[in-house]
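One structure follows; several queries about it will come next.
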Amino acid sequence: MKTETVAMILAGGQGSRLGKLTKTIAKPAVPFGGNYRIIDFALSNCANSGFNHVGVVTQYQPLVLNTHVGNGSSWGLNRHNGGATILQPYSSVDGEKFFKGTAHAIYQNIDYIDQKNPDYVVILSGDHIYKMDYEKMLDYHKRKAASLTVGVMPVPWEETSRFGVMNTDRTDRIIEFQEKPENAKSNLASMGIYIFDWPRLKQYLVDNQSKNRQMEDFGHHVIPAYLRNSESIYAYSFEGYWKDVGTIESLWSANMEFLDPEHELNIRDRKWRVYSKNPNTTPQFLTETAKVSDSMITDGCYIAGEINHSVLSHNVKVGKGSVVTDSVIMPNVVIGENVRIEKAIIGEGAHIYDDAELIGTESDIAVAGYKEEVGGYSDEK
Amino acid sequence: MKTETVAMILAGGQGSRLGKLTKTIAKPAVPFGGNYRIIDFALSNCANSGFNHVGVVTQYQPLVLNTHVGNGSSWGLNRHNGGATILQPYSSVDGEKFFKGTAHAIYQNIDYIDQKNPDYVVILSGDHIYKMDYEKMLDYHKRKAASLTVGVMPVPWEETSRFGVMNTDRTDRIIEFQEKPENAKSNLASMGIYIFDWPRLKQYLVDNQSKNRQMEDFGHHVIPAYLRNSESIYAYSFEGYWKDVGTIESLWSANMEFLDPEHELNIRDRKWRVYSKNPNTTPQFLTETAKVSDSMITDGCYIAGEINHSVLSHNVKVGKGSVVTDSVIMPNVVIGENVRIEKAIIGEGAHIYDDAELIGTESDIAVAGYKEEVGGYSDEK
Amino acid sequence: MRNRLAPILNLVEHTGKLKPLTDRRPVASLPFACRYRLIDFPFSSLYNAEAVSAALFIAGSGHSLYDHIRSGSTWGLDSFAGGGVFTHSQVKLKSDQNVESKYDKFYYEDHYNYVTRSKAEYVVMMGSSFLSNIQLESVLHFHEDKNSQVTVVYKQVNREELVEDTVYTALNLNNGETDTVKGIEPVSGMASGTKLNVNMEMMLLSKKVFLDYLFRAKQHDMDISVNTFIQFTLDSNESVNAYEYTGYLRVIEDVKSYFDANMDMLDQDNFNALFYRADPVRTRAKNSAPTYYGEEAVIENAQFANDCEVYGTVRNSVIFRKVSIEKGSVIEDSIIMQDSCIEEDVTLKHVILDKHVYVMKGAKLEGTPDNPIVIAKNSVVYPEGITKEG
Amino acid sequence: MRNRLAPILNLVEHTGKLKPLTDRRPVASLPFACRYRLIDFPFSSLYNAEAVSAALFIAGSGHSLYDHIRSGSTWGLDSFAGGGVFTHSQVKLKSDQNVESKYDKFYYEDHYNYVTRSKAEYVVMMGSSFLSNIQLESVLHFHEDKNSQVTVVYKQVNREELVEDTVYTALNLNNGETDTVKGIEPVSGMASGTKLNVNMEMMLLSKKVFLDYLFRAKQHDMDISVNTFIQFTLDSNESVNAYEYTGYLRVIEDVKSYFDANMDMLDQDNFNALFYRADPVRTRAKNSAPTYYGEEAVIENAQFANDCEVYGTVRNSVIFRKVSIEKGSVIEDSIIMQDSCIEEDVTLKHVILDKHVYVMKGAKLEGTPDNPIVIAKNSVVYPEGITKEG
């Protein structure tokens, strides 16, 4: 059984714009949509695309992420010689190695990839919410005989300045790359999804390293070098739902969109499941005083209060008289009695004491951090 | 189910005295005794002692070690909420963190230990060959109401200058610690095995860190600090077989000792098994021209030559007319025809071509490195 | 705690009065409390006691059980490093029916091999019909404290808590400072209002004693069971020590007791008594999405598993995975198992829907608390009647 | 490759002439080549084709098989993410014996449920009696290239390669540019020296065709088997395409063919033909120590598993795990299964020792190549004779 493809998920970033939510956990490990963590989408895409050799490159606060991903068995990846492998910084006879950028992280893990000896390497980001069949993109890559294929999606022209933009010819070959351009020539934004021919990419990384040339980042160094050398780079267009949940507001709105039973992501589609590590917990218990409306609730919840248009992760307790509206409640949160929560994100393991209020607005979502205590005898409120 | 004990195996060292054998793999991952890697002894001791929460702290070339240890399932550790967890350097909001010493490695992984919330932490070294029931040592620790118990073994007086030596009173309480003393007052050498009360150790590590006092190494910093503060430290004596395989010669002689069917380590004892990750491979095939005598041979081997008093790991091929004597052959080695190997260690995946010779002496063992090629068209011989 | 227990689960249990729920499954596989099966409860007790292996003796098709247990890894019973779930057809029973009588002797041999190969010190014998939350470590401490030959487990209950024609027995205890057993007596004849010590058919004994009794059972061609072994002990004038269990207990004997056990869980105290332990009750993990409750959903005192879609009204009911309940439907005092689908304007009261039942728009079913209506697996319920699909 | 195959393994195979080796195990569980069981070979073919699930139909006690397969994770068949091994008692056969006849319809239902729930495109039907190294991907490519209704697999062999009274059949092929099947004929009547195309009872077909045939089999109360389905296809005037397999094949039908298959492996070419593939043949991992060969051991052309201790002479033999062979003993042309112990000065020639046989000092057993002596599991062999222990 030849390993055709290795997928490398870059899950190393802190995601500092998520503030208190990523102080002690990596962004890809942040809970999402009740039952999931952000990285589940990339991992499930890999599993559903038939890619079961997955390296998860990480260096920021990896404990929760490592526990979650394990050997990839929750996604069925640990079959047929495959599996998820967590790749963290290490030292060697050449010294200690932290990852300096996206391409450098791949360079540092050449040994892992070479062990599998693949034809192709797929580079993915661990912090996007989407469903995508990477195998179709790989077929496209083969058909185009490309050296590099970049996943792109059309964005509104007025937003092009926030993205890396790919200018293509009529055959979809990329002829120019503009990083966050003032005047974009195209509205095809890079999704940070790359398929490389591995021997070629390895050559670029190793050669440039030996010549002390910078080859740290795909966008800043590798793609420009490929363009300079007239490598065949193609753009592969993706048109489905895709969301970068890089800020508190985008994380909140992605959850609110997810809640809609008609949502494009269609979480109940049995043909393209989103897998996660499922906790051992009790059924959902809705008491006589519970009221729930237009909400997602997960196993282990105990609800005696009122839940409107909200997403509750597992093991959330909501006391009598409390009202939760337009909010995202992460796992193991305890909400006391007569609490009011509106347009808020409550971080994993937080405790909101009786009578507390946490009220945000659409442009300023209220946040309780990981294990934060709000109200009661705490001063933090 | 309360977690009483977390075991932390320090597997981070390069083991540079093993030369070519540890150039690209960590010392605890070096193959031993045909079927094993060095760390299997510590991991099996944990499993047999009923400690199934095991952190493996590593930072030097961890790929082979990580693949080998996985989630600990080969040792039955991944049951009842336990498992092996590989702990590597990571970054946090406080910056990037490589491990500076044995105690610092524990400090950096306080989050992992606290997640389990144990009463005791057992600190072990990943590169010793021995069988020991840590549960008995823990019982002793409890009986003595010790704050720290140090595993010690008597060594010949003339060798005390190579060890950290513990001077004890008549109750086995440690009253003085001498690191590699010229004139030792005792012959009880530290085995690098510690049982700490976790809350107390954590306090030492955190307090001293916050005061910018060095607390990097157990021998140099933590034990002296405990002694200064009159913590109750006891010595627990171990009298079985114990071997530090830190040099080429000690690795070779430990393998030769292991080969003896009457050896104290008794590898076939079903009551205290040594577990390992078992490869999927074929039966041992000894052809008509094979001669084997006083040797250990492992599944996957194909033997057409002569093997005397040697240890062969899995998937070793030995061609016709070749003679292997007093040697250690690591996994996946190919030995051609008419090769002569004597008093040698052949590293994993090495290829010894036809007619080559590799002959060492007891004081200067011949070594072929990891994936090294010897003889044939190669210049390396 | 190291592996100290070699568990033997006798899953050849009484299924007759549980039909049609037990048409194709043993008692151990009965779904319970939205996401569990009854076997999860003894298995979770074993997990808490850190057992690493178990021998299961079953009758008939074990398919639903194998499918649930798989490698046993959920309960720490997987096959690495000396562990594993070992399943055996309960061949002794078959031989009593003169089928495959040559297998007779394997019945004893299978028990013998399992126990002698285990590294554990003790054997614990148990079943799945006594739904409870047993702390095996406490039983073990009791056994060691009393220096018992054998320890059996009982709970003091009222006669009414067991069904009228129950097949189960009570322990007749010696009065004195220690709880020891004088004998066993059938419960079915006892008068209403009686307090009795129900024999939970759970026994702890050393491997040595087990092997001794096994040999005796083989010699006399007797069943290997808790009751046989109690008799052996009494015959030898050794004492049978009795451990009193005081937690939640429901004996699953017929459809009503099964129904009541599920309804019990809607009471917070019972729920906590059964589910609150050092570790959660463990069941095989299944991938799932959160349950969605629509804008018009009305829920009062009900339990749900993940993966449901609820637009109707649900009161005092227990809803398993992947159930959809459309607008205008009202579900009360009912149990709806996995994969069932309830269309609009359906009324269900005192009903048990087995797995994968489809209830068509406008259908109405009402049972009584004493006689809940049971709809068999794969049925379709029309307003006009019920069709059972193959 | 994504999951494209839903495999159905019919493990209700012919065990009569393999006794006593099959007293307590199906053909699929027969130990082979020091460390395998026959089921490992079809399972490893499935692994190579990246199948994620399999349905097994078995008869009698499946204990040895369950114990070997466990969760199926060795072969990528574990239960996460849509996979799993689903075992079913072959209840149709039981019903033919008028036992449990009410289960009859589940025979078809179990097949139906497995196939409809799988996400795969094709069904592959196979067994374990045809010991071979099949590349299912090649069969699949052939099937797609030929645009086949069904594809069956055969190998051209000499009549002598099957046992005299074989129950297996040959494919009668149409001569022409494509290999298609005209019919099936029994091999037993064929003259020595004949070349024939042995029907390996392996079939690939789309889910749609499978379900169509399943329905037809149910209607006529027929077995779900390769031969039934060949007949259905011919009856419909569709073509049955035949894929020629040219690798190693041994049909395991009786003790001699089982013995010969093991001896075959001592030939380097056969060994490579069966074991050389993209991935090694996979079997359940067991913890073990290396095998120790003493100073006086003499070994010529023999295979061993780990965990043995060898002080005697072993020639042309196949030795399983945890076997000890003491000084002065000579083992020739024999198969020694796991856990057997051979004391000093024993002579064995043309012998099969089943698991856990103890051969006392000085004992001597000699069979012939055509009639190897088989010693049943757990026996003790004295110089004076043999005792079978329970």
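Lettered A, B, C and D in written order, each chain numbered from 1.
By definition in this document, contacts are C-beta pairs under 8 Å (C-beta built on N, C-alpha and C of every residue); 3 or more make two chains touch, one makes a residue touch a chain.
Predicted, not measured: the structure shown is a model, and the values here were computed from it.
> Among the chains, which has its CA centre at the largest distance from chain D's?
In terms of C-alpha centroids, the chain at the greatest distance from chain D is A.
> Could you tell me which pair, B-C or B-D, is linked by more C-beta pairs in contact?
B-D
> Quick one: chain A and chain C, Cα centre-to-centre, how many Å?
Here chain A and chain C have centroids separated by 41 Å.
> As a quick test, compute the distance in whole Å between the mean CA positions of chain B and chain C.
The separation of the two C-alpha centroids amounts to 46 Å.
> Centroid of chain C to centroid of chain D, CA atoms only: how many Å?
Distance between chain centres, rounded to whole Å: 37 Å.
> Could you pull out the residues of chain C that touch at least 2 other chains?
Within chain C, residues 73, 78, 81, 279, 287 contact more than one other chain.
> Tell me, which residues of chain B touch at least two other chains?
Within chain B, residues 74, 273, 275 contact more than one other chain.
> Would you mind writing out the residues of chain B in touch with chain D in their complex?
Interface residues on the chain B side: 33-35, 74, 259, 261, 267-268, 273-278, 280-288, 290-299, 307, 311-312.
> Would you mind writing out the residues of chain B in touch with chain A in their complex?
These residues of chain B touch chain A: 14, 23-24, 58-63, 66-67, 70-71, 85-86, 88-93, 96, 98, 111-112, 115.
> Hey, which residues of chain C end up touching chain D in the complex?
So the residues of chain C in touch with chain D come to 24, 60-61, 63, 66-67, 70-71, 73, 78-79, 81, 84, 86-89, 91, 99-100, 103, 105-106, 108-110, 284, 287, 390.
> For a test of understanding, state which residues of chain A touch chain D in their complex under the given definition.
1-2, 47, 50, 73-76, 78-81, 135, 271, 273, 275
> Touching residues of chain C toward chain B in the complex: what are they?
Touching chain B: residues 1-3, 47-48, 50, 52, 73, 76, 78, 80-83, 119, 278-279 of chain C.
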